[in-house]
Structure formats: C-alpha cells, structure tokens
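Paired with subunit B in one complex and with subunit C in the other, subunit A is shared by the two complexes that follow.
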Partner chain A sequence: MLKLTQWLWGLGLLDSAWAALTMGALDLELSFPCQEVLWPLPAYLLVSAGCYALGIVGYSVATFHDCEDAVRELQSQILEAQADLTRNGLCF
Partner chain B sequence: MASTGASRGGAASPRPPQGRSSRQDKYSVLLPTYNERENLPLIVWLLVKSFSESAINYEIIIIDDGSPDGTREVAEQLEKIYGSDRILLRPREKKLGLGTAYIHGIKHATGNYVIIMDADLSHHPKFIPEFIRKQKEGNFDIVSGTRYKGNGGVYGWDLKRKIIRLYRKEVLQKLIEKCVSKGYVFQMEMIVRARQLNYTIGEVPISFVDRVYGESKLGGNEIVSFLKGLLTLFATT
Partner chain C sequence: MATGTDQVVGFGLVAVSLIIFTYYTTWVILLPFIDSQHAIHKYFLPRAYAILIPLASGLLLLLLVGLFITYVMLKSRRATKKAQ
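On to the complex of A and B.
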C-alpha cells in the first residue's frame, strides 16, 4: 500500500472515531470535562505536530556539525594534487 | 606413491569467509561529469590515492555528457597518466541525465561493487575505504554517507542533494530498473525502493565540503523542489 494511502486510512479511522464520540453516535454518557477536551483535540494535535516538526528542524539546524578541518585538509590536498599531476604531464 | 594424475574430487579452493575477502573484490566508481574540467583531475587524484593507500582493486568510469569546457580532454590525459585499466572513458554526446548515466556506466563496470559519487569534490574519497569496511562488517547491500550522524557535518550550505553510496552491482542494477523519478529525487527514490525490496543499508558519517562556499547558493527554489520531490515520493511509493 502506498504511504499516502496508509496515512489516509489511519487519519480516516481516527477522524471517524472522534466524530462518533463528539456527536454522541455511540450513546455514551461522557462527562462534560471529557467532552470539553475531546472537541478541540484534532486541532490541538495538528498544531502540536506542526510545532514538533519545526522544533526538530530548528534543533537539527542549530546543532549541525561544522567541519572546518575538512576544508583545510581538502585545500592542502588540492595543492598537492595539482603539483603531482603537473609533474606527470597534465595540462590544467 | 605414484600420482595417477587424477584429481581428488570435491577439494574446491576455499572461498574466503564473508567479511574478509578483498582479493577478488573490485570497486567501480561511476563519475558522471558535466563541465568539471577543474575538479576532475583533483577527484581522480584523490580517488587513486585513497584506493592505492588501502590496496583496493578499483576502476574509475568517467561518463562525460559532451561538456563544452574540455572535460573530456582532461579525462583523456588522466587516462594516459593512470592507465586505461584504471580510468575508463565512456562519454556520451550530450546531456542525457543522471539515471541514464548510471545505466550506461554499469554496463561497462567490471567490478562487483559500484560507488556512485559526484565529481565536484563535495565528498572526499578518503571515506571510501570506510564504506568498504562498513559494507564488509555488516554484509550490507548498500552503504550510504550521512552528514547527520557521528562525525558527519558540512562546510557550506549547498542544499542540492549530493549523495555518495556504495552498492553491490546487482543491487544497483535492480534498483535502477525500478526507479521512475528524474533528477536527484531519483536518488531518494532508490533508497525507498531498496527498503521495500528489503535490502540492507548501512551508514557512514561523512563531511561535505562546499568548495566554493561564499557564493550564495541558498535559494528558496531548491527547498521548494526538494519538498515537491518528497511529496511525489510520498504519493507514489
């Protein structure tokens, strides 16, 4: 099954469960505090998911490893390569 | 005890145990190039150095797509310097795309492993012996370089998805058959397909150096096309 289809299935199931509970289709006598939390739950989860995603991206960007020595090493090796190749007859 | 000349049946030469055979392994590096006149000699020099220092059997296949800047001439000089058994020139007449470059390259590869990388020095060949060691260690089908773990990192912010990977030759052939995307999304698709086919994938931390860091390449365009590619993969695999 395609990833997209999997997600649509999963979200569809969750949404129907939520709709059933909030509209009283299952004839459950839920206490008022329960209903108060349940109703905005999808919106709340969506916003949390967005914040989480942004948080991860921000954290990764901030802690991304900078490799300064790699640049220095590469630059010195480039000089070495150019000298060696010219010795072997390469016309740059 | 005269020898009758008859062979003792069943005494096949011992096959080297997994994880240690390196005498029969040959590594083919596929280098698609377009306008890499300056970088090509450098990357080839570094490749030759890394392979020779670790006594690894290799060949470098340069697939030039009709570069107007003289890349092909430089490649011919490199072939003279290092020998045509090490440097294989398999050029094409014009720019035909990365996927077809790999297909073309594999046809001429005589190694049992294939390494795919960019010719622009964004990845240093010194990591290749690491890749080889890792592949033997875990008997992986694919080993990919990652900038996000271990000692991996970057210098410069080029968002273009440069990839360096080691594949078993037959695995790469199978994956190329199955992939349908174009451009660098194709590289991402390869990993998705590989997972679906249950191939094992190992990772090696690498550093990515943007040699011409300083020129602004951070375009919103790159981000948008990357996201588009990601969504396409999400909806089609």
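On to the complex of A and C.
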C-alpha cells in the first residue's frame, strides 16, 4: 500500500498546484500564453505517459531476441511428453 | 534481434507513439507562443479539441474494456450453468 499512497500523494499535490494556478487563487499575473499552456497540462501529461508506455512496449517487442535453442528444446520436450502420455493411455 | 513481423510491429508502434507525442506537444505547448497569424496554425484543430479528443478516446477505451469484461463474465456464467 505504501507505493500506492506515495503515488496518490504526489498526484494530489500536482493536481492541487495545477488547480490553484488555473483558478488564479495565488493572484499571479501570468501571461496569456502561459495560461493557455497550463490549462491542458494534466491531459497532456496523461497522453505523453500513454505514448511513452506504447513506445516502450513497441521497442521491447522489436528488440526481443529469438531464442532458437530454447524453441528446439521446448518442441522436443513437447513431443516427448505427448508420446509418454499416449503410451499411458491419454487420448489427445 | 527479433525477426520479421515482430520488428515491423514493434517499430511501427514506436513510430506511432512518436508521431502522436510530437503532434500533441506542438499543439499544447508550442502553439500558444506562436503568433496567431502564422501559417502553421492551419494544421492544428481548435484548442478545445486538445482536451476533448483524449478524453473521448479514454472514455471509449473504458467502454470497450467494460464490454469485454461483461462478455467474458457472461460466457463463464453460461458455461458453469450448462455444467450443472
């Protein structure tokens, strides 16, 4: 539970900071472009986190090594197990 | 290195995520600092869509996940009912 509460605290802090800035509760005179950038910021962070996750998954899929030896060993073990089970009476 | 379709799919995903990220970053972060008369603005939708599109697609994703869970649960309940 500790990691979850840490994440929730961090997100809660960021959210309250963003809310305070967007609603002008701190009485800061932000220039108009800054306000325009600040307003979609949570959505932007979500979208970029999603893109990052997608990119990491894609990269891992692309760079995962094929293990030729393991494939052959596994297939021979499957055949062996099938022969053994049919000998002992199991129907496939 | 992985072979064949694995590489294509993997690098395709990386490319898609990079495209979405750069487009969205330009849209949200860079455009407000660019003069509104500049030609680049015609390649981007009105700013309200920068929140609506991710929100709508997030809700759609939740809907699809919920439908899938419902379907799986109904199928398993029908299977147990037939076994009784």
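Keep in mind that, in the parts below, the second predicted complex is superposed on the first by the 67 of 92 C-alpha atoms of A that agree within 3 Å, B and C clash if a C-alpha of one lies under 4 Å from a C-alpha of the other, contacts with A are read in each partner's own complex, and residues count from 1 in each chain.
Heads up, the rule we're going with is that contacts are C-beta pairs under 8 Å (C-beta built on N, C-alpha and C of every residue); 3 or more make two chains touch, one makes a residue touch a chain.
Everything quoted here is computed from the prediction, not taken from an experiment.
Chemist: Who does A:Leu79 touch here: subunit B (first), subunit C (second), both, or neither?
Modeler: In the superposition, A:Leu79 contacts neither subunit B nor subunit C.
Chemist: Looking at A:Cys91 after the superposition, I want to know if it touches subunit B, subunit C, both of them or none. Which is it: first, second, both, neither?
Modeler: A:Cys91: touches subunit B, not subunit C.
Chemist: Kindly classify A:Gly55 by the partners it touches after superposition: subunit B alone (first), subunit C alone (second), both, or neither?
Modeler: Second partner only, subunit C.
Chemist: Between subunit B (first) and subunit C (second), which does A:Phe64 come into contact with in this model arrangement: first, second, both, or neither?
Modeler: Both partners, subunit B and subunit C.
Chemist: Would you check which partner chain A:Leu4 touches, where first means subunit B only, second means subunit C only, and both and neither mean what they say?
Modeler: So A:Leu4 only meets subunit B here.
Chemist: Tell me the contact category for A:Leu26 with respect to subunit B and subunit C: first, second, both or neither.
Modeler: After superposing on A, A:Leu26 lies clear of both subunit B and subunit C.
Chemist: Taking the stated contact definition, name every residue in subunit A that is touched by subunit B in one complex and by subunit C in the other, in rising order.
Modeler: Subunit A residues touching both partners: 60, 64-66.
Chemist: Give the list of subunit A residues in touch with subunit B in this complex.
Modeler: Against subunit B, the touching part of subunit A is residues 2-4, 60, 64-68, 70-71, 73-74, 77-78, 81-82, 84-85, 88-92.
Chemist: Spell out the part of subunit B that touches subunit A in their complex, as residue ranges.
Modeler: 38, 41-42, 45-46, 74, 77-78, 80-81, 121, 124, 147-148, 151-155, 207, 209, 211, 213, 234-237
Chemist: Which residues of subunit C touch subunit A once you look at their complex with the stated criterion?
Modeler: My answer: residues 1-3, 6-7, 9-14, 16-18, 20-21, 24-25, 28-29, 32-33, 47, 50-51, 54-55, 58.
Chemist: Which residues of subunit A touch subunit C in their complex?
Modeler: 32-34, 36-37, 40-41, 43-44, 46-48, 51-52, 54-55, 57-66
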